[in-house]
């Protein structure tokens, strides 16, 4: 095996270099702690080992037809933890079967990355095991280290930015997003523009985060973003924790975890979350008259990654699914959900994005300031938060 | 009489202390064949109760390479874990004791002679449902009630009294305790009802006949007679609150730092992946409950020394 | 009647009803800015949601399975203990308290650890893994219910009478004992039903899609219909509890009515 | 010298009149029993006196003071309940001390008084036992001691012996009487057991349907029952519905059988009467050759149907024609009259009691004294 850690360090170094403007992450944060699970009915069982042996690693235009044939022979696809209302996954889950006549069982639509990797391990050899997963980057790396994934280079692998993919094909970034402030326009007539604004007395009892930083990646991202806004950095999240401790003390922070219900009912008038989540609320809840902004004082981003189960029960269908997601069609499906797809730059360059889709997205300028954290930085942030959040922010 | 709702007292069941009492008469006995009939039951409990519980306990003493270690256990005595235990125990104790006191009052008010029968039936069925209510739905119900923009908060604010101005915060320890009472009180009502049925009218009348006022009856007879059941109920309520998880989590995002939330975070979270620490935390919960049982048994025995 | 009794009942009513009222008020709202009350659209959403019916069905079937396994496992055992091994009764009563002190989150961690790698029909299906865990969760309620039932009848006399008439052990159990503890068995069964219909932690961490998971999921993701679903699930549980009470009343039986899953 | 007076007490439960205007006077130091079948209102009356219930009308007067609206804990009445009234969480001694503790008496005073009372009821050795460690009889003794400890103005006993074994019942009732006499305490005693009431009371009030049927000494109640109900309820009685045939000779007629009854001489011819014959006043002989006349010509022939052994006395049922009579005779003599033997029964005309019956009224009140 390779030294993935070295590879990973290299990856993050590249990422910093490139400034990684237009990209980062996408929705798919978390309702993780209270995640969801569907064990739907099992799919068709096929001779897995044989299929696996036959499944290709490098895709070519010529081989694609055969892939479609083989995938159809398998007849089914198991996905896991794809929330239909996130990143427009509903459309993908609808279009793929229509296009290829292969049914999808989407388990545990609200599951966490940890649960996805767990499922690969615990359901190994089972016809219900997930064929492909969509996990946080740190989990993609640890999954690769555990040998959970099969390498696969899809047809569009080349146009995925270098920084967003594993050079050995074990995983590749799928979509990214940035931390944003969502607000209820009727309850917050004068919405905050920066993270520092949140401290104003007029927002007393109004500011919530999507989840707990102890269990939710998006909540951790929120803490890191506010750290950046308060003199800290991706490698120094202390100021972020102190910021929320202060918010708690002055009563602005209400520590209830944001759910769509609290947004819809107006109980969380201001919610800090990924841009694609807040983007979704705008259309989802007219009653809440939702709006959102990406504060300029702490533009912090994150992304998720696709990987194929090394012991997938439907290896060819899994590969076909990846081809679908990374095709122009699949990438635009994500973009329609407010999530910036990995091949965003390529799509822009080739002008294949419908103008109506682009018009709904926040201005591209703000994304140029986006910062990312390396895995080591993230781990350090998590550990510090785990240590300090309950005592400093807690009562 | 107490016909329709002869609920079995779980807490007041004398079984627990009995079970723990060493059986002095047992001596050495042949293992009769009659035991064989209980094999399926014990096999089942071993497989699905003792093995899982045991595996957690063992995992608490292992590191990530499955080598024996006390490191996880030692960690429990540091921040923020020790604080989590403190908060968990405090919330559980407060809601268990208050739940027991007010649950008793409500149950007695509903059961006593003179209260219409339908109130009792209505209350007990409701309690059956509410005792199962929890998680995000319960949290949201309370946010919609007493959150910063809740129904009641709005009423109070309109009436000129803003609870948040007076230090009330639903998303605080006090708030969590208030919300926990929503399932603690019903549990208490269910558990204590049979014990209240067991209070004989003759005792109240005899006391009154002998000159006792209402409170003197309760002080000298009612409460002492109920005490074994009350103690059992407090233990049950303590365990109930101690293990509760989803409600506090969705209400406070870990700012009210309780042990089950940490276990959830370490075992399953997206963020922190340290199952052995989670197991150590679970082991700690087990120890806390065991200590509670150890405190409870002598108290119970003292309170019930007059009983058969 | 003493005014203080009404005072306490009144305070309790306020405490218990207000949050339900707040939920109801929200569940009747329209998803349109500034729209006035009221709409039943959210209830309609729930009723027309196929996942709602699917998960209700899963949980219900799971509940039935849990009940059947519990009865098959516990009735003969408790019968036997009452008949032949009375000294074992306190031991089992103590065991029955253990599920109370092992938090579900601990239980599930252990169960997943122990049974990982077992065949798919068990580990991968709710009918295997989850049902097995729920039987343990239902154990205290089943035990205390059935135990009370067995204490209320004269096990020895019934058994001796039956056997003196030539009945075998199984015949005695099914034809004589079971009808006499029917009420207790039903009471325990409804409690098990309430538990299974409400259990979240184990199903969630073991990744099974049951009704409580759906409830939680909708609460997190669907906004307006969540309140409606919450109240509907409250009503469903209430109906189950009401039938428990009716059964208890009709049969003059006793039943434990406690369940605890949150 | 009335000490306790129940004056025109009414108590309704919905449409049921549990008490319909009862008047009872109990003299100081007197032992009065309220006797009647269940549902007759006797317990209701006692609970009114204790103060657990309030009358719809009427007054309760103790020692000249109206206590009708005094709450039970201020009435100073000691009550002994049917059963299970001991506080289970207190020892026998603590139970006895309870009333004194409430009255703020000093520990040492309580202790010595409770000790004396436990001695008095014969439980000096059992003071430290909890109720569940005492037999039913012992529990009732403790309950009695507890009631006496507060030196009550009136002692109330609500069927205190009904839950006990027959032997204990007799033993304890004698002790209750002994202690009552010793302390000279005014006592109201409720029971459904006529034998018990007759055995220990100074006076007995028989209640039925919320009213008092008759009140008097035990002997009066037995020998001169004033109503058919009392006649039926107290002791065993042969009852014959009859019509007066000849007031001059005192002759009455029942289903063809003619009897001479002294008490019928003041009656008018054709009046409906109830003839009452105590079993012990019937004289039974084997049907021999000289079965003639008899004392007053009151002769009845029949066959022994059953014999019930009651110890020194045997109860014999004799049936002849439509008539069945119950007679008590010495067991020794009954041995000579096995079942199936033909017998002659005689009864002296002076031993027969007569009660008027309304022309179309009920002949029997249908009371089963063992019905409780």
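Worth pointing out:
By letter and in written order, the chains are A, B, C and D; residue numbering begins at 1 in each of them.
Everything that follows uses one rule, which is that a contact is a pair of C-beta atoms (placed from the backbone, for glycine too) under 8 Å apart; a residue touches a chain by one contact, two chains touch by 3 or more.
A quick note: this is a predicted structure, and the numbers were derived from the prediction, not measured.
Comparing mean CA positions across the assembly, the chain most remote from chain A is D.
Set against one another, A-B and B-D show the most C-beta pairs in contact at A-B. Look at where the CA atoms of chain A average out and do the same for chain D: the two points lie 91 Å apart. If you average the Cα atoms of chain A and of chain B, the two centres end up 39 Å apart. Inter-chain spacing, taken between the CA centroids of chain B and chain D, is 55 Å.
Centre-to-centre, using mean CA coordinates, chain A is 37 Å away from chain C.
Within chain C, residues 26, 216, 219-220, 226-227 each touch two or more of the remaining chains. Counting partners per residue, chain A has 34-35, 115, 259, 261, 265 as the residues that reach two or more other chains. Not a single residue in chain D touches at least two other chains.
Under the contact rule stated at the top, the pairs of chains that touch are A-B, A-C, B-C, B-D. The residues of chain B lying in touch with chain C in their complex are 3-8, 10, 13, 15-16, 18-21, 23, 26, 34-35, 37-38, 40-41, 44-45, 47-49, 51-56, 59, 102, 105-106, 108-110, 112, 114-115, 119, 121, 123-138, 140-142, 144-145, 150-152, 181-183, 185, 187, 190-191, 236, 239-240, 242-247, 260, 263-264, 267-268, 275, 278-279, 282, 285-286, 289-290, 293. Residues 200, 202-203, 205-213, 216, 220-221, 224-225, 227, 306-308 of chain B touch chain D in their complex. Across the complex, chain B is touched by residues 50-52, 71-79, 81-91, 98-99, 101-103, 130-132, 143, 146-147, 150, 156 of chain D. Of all the residues in chain C, the ones that touch chain A in their complex are 26, 29-35, 112, 116, 120, 123-126, 203-204, 206-209, 213-214, 216-217, 219-224, 226-227.
Those residues of chain A whose C-beta lies close enough to touch chain B in the complex are 30, 32-35, 112-115, 136, 139, 142, 187, 204-206, 209, 211-217, 219-220, 248, 251, 254-257, 259, 261-262, 265-267, 269, 382, 386-391, 393-395.
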